[in-house]
Amino acid sequence: MFPTPIEKRPRSAQLSYQAFLPLALILWLLPLIAVANFSIKPEADFVNGNYWGMPSSFEMFSNYGRVFFESNMPRYLLNSLFITVPTVIGAVALSAMAGFALGVYRFKGNLFIFFMFIAGNFVPFQILMVPVRDLTIDLNLYDTKTGLILFHIAFQTGFCTLFMRNFIRALPFPLIEAARVEGVAEWRIFWYVVLPLMKPALAALAVLIFTFIWNDYFWAVVLTQGPGAQPVTAGITEFNSQFRAAYHLMSAGSIVAALPPVAMFFLMQKHFIAGLTLGAVK
Amino acid sequence: MSGVTLNKVVKRYGNVQVIHGVDLKIEDGEFCVFVGPSGCGKSTLMRMVAGLEETTEGRIEIGDRDVTRMDPAERGVAMVFQTYALYPHMTVEENMGFGLKMTGHPKAEIKSKVAEASRILKLDPFLARKPAALSGGQRQRVAIGRAIVRGPEVFLFDEPLSNLDAELRVEMRVEIARLHNDIGATMIYVTHDQVEAMTLADKIVVLRLGRIEQVGAPLDLYRDPDNKFVAGFIGSPAMNFLDAVVTADGKVEVPALKTSVAVPVTLPAAGTKVILGIRPEHVDVTEGDALSIELTEALGGVSYDYIQADTGERLIVEERGDHRAAPGTRVSLSFDPGRAYLFDADTEARIR
Amino acid sequence: GSHGAALSGDLKIISDMSNPAPRAVMEGMVADFQEMHPDLDIELTIVDREAWKTQIRNALGANPPDVVNWYAANRMLPYVNAGLFADVSDLWAEPEFEALASTKGAMTIDGAQWGVPYTYYQWGVYYRKDIFDELGLSEPTTWDEEKANCEAILASGRKCYTIGTKFLWTAGGWFDYLNSRTHGYDFHMALARGEVPWTDDRVRQTFANWRELIDMGAFIDDHQTYSWQEALPFMINGEAAAYLMGNFAVAAFRDGGLTDDQLDFYQFPKIADVDYAEDAPTDTFHIASGAQNMDAAKEFLRFVVSVDNQTKINGGDALGQLPVNANAEIGDDKFLQEGFDMLSNNASGGIMQFFDRDFPAEMASVGMEGLQEFMVFPDNLDDILARLEDARARIYE
Amino acid sequence: MTYATVPDTHPPAPRGWYKRNQIAVTPFLFLAPAILFFAVYVIIPIGQSFWISLHEWDGLGEATWVGTANYERLLGIGEQNMDRKFETSFWNNIKWLILYLLAIPAGLFIALFLNQTVRGIRVYKSLFFFPFVISQVVVGLVFSWFYLPREGLLNALIGLFGFGPVNILGDPSLATYGIIAAGLWPQTAYCMILYLTGLNAVDPEQVEAARLDGAKGWRMLWYVILPQLKPATFIAFVVTIIGALRSFDLISVMTNGGPFGSTRVLSFYMFEESLSEFGFRMGYGAAIAVILFFIMLAFIIYFLWSMYQDERGGR
Amino acid sequence: MSGVTLNKVVKRYGNVQVIHGVDLKIEDGEFCVFVGPSGCGKSTLMRMVAGLEETTEGRIEIGDRDVTRMDPAERGVAMVFQTYALYPHMTVEENMGFGLKMTGHPKAEIKSKVAEASRILKLDPFLARKPAALSGGQRQRVAIGRAIVRGPEVFLFDEPLSNLDAELRVEMRVEIARLHNDIGATMIYVTHDQVEAMTLADKIVVLRLGRIEQVGAPLDLYRDPDNKFVAGFIGSPAMNFLDAVVTADGKVEVPALKTSVAVPVTLPAAGTKVILGIRPEHVDVTEGDALSIELTEALGGVSYDYIQADTGERLIVEERGDHRAAPGTRVSLSFDPGRAYLFDADTEARIR
């Protein structure tokens, strides 16, 4: 293990490490802490120039209350949820299947198709903007969650397939051969043998895609408008204009918008790290 | 009838040919072991029988059925992999029953078959465990159990014991032998291990570079190898080979031993270069000055002398009992010429 | 027409009236209209005003809403050309619309009308009366007075003008005024139509005037990082004394805590001897050409410009802006009265729609960026003008 | 869907076409949905963008064919000058590319710092990863407050050391760097997590062998650890490059391309030209996108090439 | 002087003690092999000598220096790992020279030392290759070369051959023996393999549960084990153990063999339960009806009979020559009582 495990170092080094750790964390998260601090301040603090000090009064409930009850935030949050969850499911499902096909079978064009997915994934997505917008409009899906979901699924499939395929490659191939010899149909091999073994990868990908999609701003702006379909990243700009320079409310809104992927990450972090280890950095 | 017949079987990967027209007949119920150096095509050949590799040319029959183009599932074979290939997310019981479940057998039948197999392999206490909670030997048994459950006509084993440590290897080897005695199915077994091959096989197939060098019962190969390759490959420690030359008086002169011996075979013309082979266990060390002991290894019951001839050639001599000669001692060697083998120096074919 | 006939079906409206006061107005209007047509299913979407400027195109594509907000003049040209706005000349032919005659020009392209205005508002200098009083200053009427006032304000440790140019257009307001006050309305419009090179000496003269203020340090620092709203606190806190802005800012000042005693308004002073021209941008409603419920949409437009509604939505407690219907009452708000008076009696030079509506879109975008740069680095003027001239040569070709 | 292939000596029942060709056909069935989606939404649109870039089109009406005129104008071929905005955007992109790579050493550094097994370290690791999970929009907002010329925390901090206030986002020579710094924050977290997983996979015996060989500290890192972290570095490199070239959200939130266009990058510029408030030049925007695509293509090819090298050893 | 002395060495992981006060003296130039069952602490002990694990208590000396708290690099030891632990990104030459480079030796010196080591190990043709392009045996040689180059006083090997296949294992074993002869450095070697331990060691240390069971020369341990554990551990196949009881007439009754034998040792009181140990190579199969042959494995030169007693106990008997008894045959066994060992049934200590 590198660097040398701290428990093998002198006591003094251990203590200073333990002490430095929270300090470093605070420095690292300073901007966020500041925002959290903003979000519980009363408006008066900003008028009085008390930007960075302690809140003069604790206004968390009223600030967050206004976020939830006096704006479209809840709708945007729901939109985000209804966009993100189907996308995660769709992208993970499609890429698990594609990854299985590319990772397990030898056929002509395997590598070509695989590389196509990778290349497509690394394309600067702005190049897709105009055609995808037109396509979405033609499909009558403009300003619908479905329109966003379909595009996100398609675009994320590239990245997910890369990840899944590498993960499946790292599985012991004899497992699949054993099942074949046992007379298990191919799709059942996928369902009963491969899929259960991919759980860590599925979890890791789910978290990653969740954050990617939840945080998407660009496509939200290009493909949707208004609280009918727009996710929270785009909604927050509306929110911000609604509350102009009301930093306390903007902060509260930002924190509300950021919370779900954070929660998701914390829930899944064990699988996340395990899956990443195997899939990305094999 | 469920013997296995290979008929001019060829395997090519792209332009690289790795199996060169193999003909082989394995009888019903026979235990057939493939041996050969690494990369000679043992696994490939076995996987062709299983259907995991396509057969480029030739025919493979199991029993009376031509299975050459069949899917693995339909061939009635079961395979035990070197790495066991157990499904890590299933319990032992599920692992063993998985194939039957997937092919739509009723639950009760699966249960009884799994119970039967686990009884044979003494796996009952572990049925509810996952593979991760088993030792290497137990895992190997589960892998075998999974094969048994399906009642295949042919069992295929690809180096099933090579991931076990020495002690367990011995134990499992004996168990496989018992299993073969009990169920009497046809078995094909790939191994690197001399001892496994010698002790398990009814028939050993020695492969080299994708071709069969010799087929026969273990002791037949040991006693009567067709060529230098087989002679050197079967037996441990390996046979000693010494350059020799046929003399005019019908003997064979061995410079390394500084002597000539009368090997009772039909000798070629005088002056022909030959190779003399003699097994370490058939040589005795006597007093003398022909060669020098380089190193001695005493294992307790047996010891090996590593001996260097003045020609630079090296030999190993096995000695019973526990003695340890000092390195550097000069010795001579003696052996029964009837136990020596002669090979053509060019073709390496046995001279009989 | 379908006056009074029962309307039914869906009516989809997308509005960009997203700031608090306009938002309430829009919602109120829809509520009133709903009351009048209970069978109508109205779906109102309010979109961020800045975001709407980019989203409108997508919105007008397939499956468009029925009614949208937009702006008059050049700003609606691309949509009219692309056939996305419905021709509403028939509405304008109705007798009630004669009261809207003053804005008809701004709504006309190729001889047809493409929407209706719902409000317009004067621009001018909003200032802290209390600070002026404290310093003994009075509303300036000439450029020299303006500068003298500014000197005094600066001397008191304040800035003369607050401004937030992050989104560029605020600088356009300054240019409109400086240019039209220096060379008159006709010259300004000629420039907007691309008939005058940016490198013309007269244009330079305008910038030279502007530069006098910049060199004095009249504008707040770092204005390029603020939006117009973010620049408000400077004036509210008394760090700056005045704000050249549209009348919609009044609501924001009041929200920020300024009372009518503290806040006052004056017309941008005279520079050269030309007639006053004023910025008075018109905000509008349009019907998408793909509207599903054309009847209801037109009825809504009629409702928007109706006398009662105009009176109501432009009142001091609502938008606080000027009604487009000549028969409507102007709110008794002092800024409205002053503004209306100014536009009616003291804008003989002409009415400008605003920089980004008078200039073609691309020119406006390049131009305002140059204006912002000039405000921060006045020394770059030659380079900026050369660039704008380059753009002019290409855009108007 | 179940079928019984009881391994016995009966001749097998006649089988359907699918069953006979199962292994050959299955991969295509599994691939079909992904390929369909990907083709419709990614592959074909790339081609369409090329097509659009050869037209003049306001996105509303009819497009007119102009050949390579858009490219000529962008790159200043012929007597015209190179598009200044394009030039600025291009150089800004280069700055992004180079400076964004700082996330890699920074991420490595933090990963090394956190690669211990003290109590609660898992929570620390997650918290350090935090910035990556947050939307760039929020990051942008947070940093623009952080940089505020008067009230910003940054100025409060440097004020402690007696430095005058700076207006990072208002200064055309600093604004891009300020945005990049904001972008580095989540990106560093991303690289950190990649390196943490990479460090997990470092062979402990090699580290021990190196300790016996007398390698310590930096030299251990340089000679033994870093080479083993190559896969992690590679992925970190790839995601960082992609991130740098896609930098859109931050710019749009923090400066909207300003002050006076000094923070534009190609992706932002193309958005501005084709879809923003005053942008009606779809063809021109598409041409910018195509150029961006070609820059990216260099990296894509490099990436695919490395993957291809790896694959040749595989099964 | 560079012997290694362990003085009451203790290792604890938290509360778990894995090495319980080991005292051991390894002479300068001695080849010392640690053996013992998995988890007994062999690797831990070696790694403590290397400095890779901290020593909780006690002292470790190399030569005259107390190295207990020194850095690994300063101890003058070199280690060869089971997985070789070669740096995959460096060529063979760089791998071997790395240690010298880190300690700041001039380039020319490094080059000559590497050249010297690669000559000894016949690695010259591979100097420019990366480890991935080498076979297992070559990699192992590079790992040894890397150790040699640094000219350490003590070499440490942790199961260096266990990743090689049987043939290579034999070859490399002989090479390590030669190396020890050539350079004569002190070597500590951990292995699971009987044969390696017996053939390489000057001194074998048998460990069990973190304690030393016995220390001695290989043949001494083989001939004269102190307890049942060592007796069973040394020798392959392992010694057969049979329950027995001391009779009143000074003999030992062995129910499995249906006979009593007169073992020439000081017997405990009559009726005491003891265990009789006899090695497979010291038993002969005779005609009779006491036990039955379960299975026979013929390896050519030697064969093993797996025999089951009616008591259920199992034995292995080694037979020379090539014969193969049919399973099920009833036989009796005979052996020289002087070659039998007796152990206390409770303490498992040898009864001498």
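Order as written gives the chain letters A, B, C, D and E; numbering starts at 1 within each chain.
We adopt the following convention: a residue touches a chain if its C-beta (ideal position, glycine included) is under 8 Å from a C-beta of that chain, and two chains touch if they have at least 3 such contacts.
Quick caveat: nothing in here was measured; it's all calculated off a predicted structure.
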Contact distance in steps, from chain C to chain E: 2
Touching chain A and also chain C, the following chains: D
Shortest chain-hopping distance from chain A out to chain D: 1
Computed distance of Cα centres, chain E from chain A, in Å: 54
Chain C and chain D, separation of their C-alpha mean positions in angstrom: 40
Set of chain D residues in contact with two or more other chains: 3, 5, 7, 22-23, 59, 148, 224, 275
Multi-partner residues of chain A (at least 2 other chains): 133, 180, 183, 185, 222, 237
Chain B residues within the chain E interface of the complex: 38, 165-166, 170, 174, 177-178, 181, 192-195, 198-199, 218-219, 222-223, 234-237, 279-282, 295, 297-302, 304, 306, 318, 320, 322, 324, 327
Touching residues (chain side chain A, partner chain D) in the complex: 1-3, 5-7, 14, 17-18, 21, 24-25, 28-32, 34-35, 38, 49, 51-52, 94-95, 97-98, 100-102, 104-107, 110-111, 113, 115-120, 122-133, 135, 150-151, 153-155, 157-158, 161, 169, 173, 180, 183, 185-187, 190, 211, 214-215, 217-218, 222, 233, 236-237, 240, 247, 250, 254, 257-258, 261-262, 265-266, 269, 273, 276-277, 280-282
Complex contact set, residues of chain C against chain D: 53-54, 57, 60, 78-79, 81-84, 165-168, 221-225, 356, 361-362, 364-365, 369-370, 372-373, 376, 387, 390
Touch list for chain D against partner chain E, complex: 203, 205-206, 208-216, 219, 223-224, 227-228, 230
Complex interface listing, chain D residues touching chain C: 58-61, 81, 84, 144, 148-150, 167, 169-170, 172, 255-256, 258-261, 272, 275-281
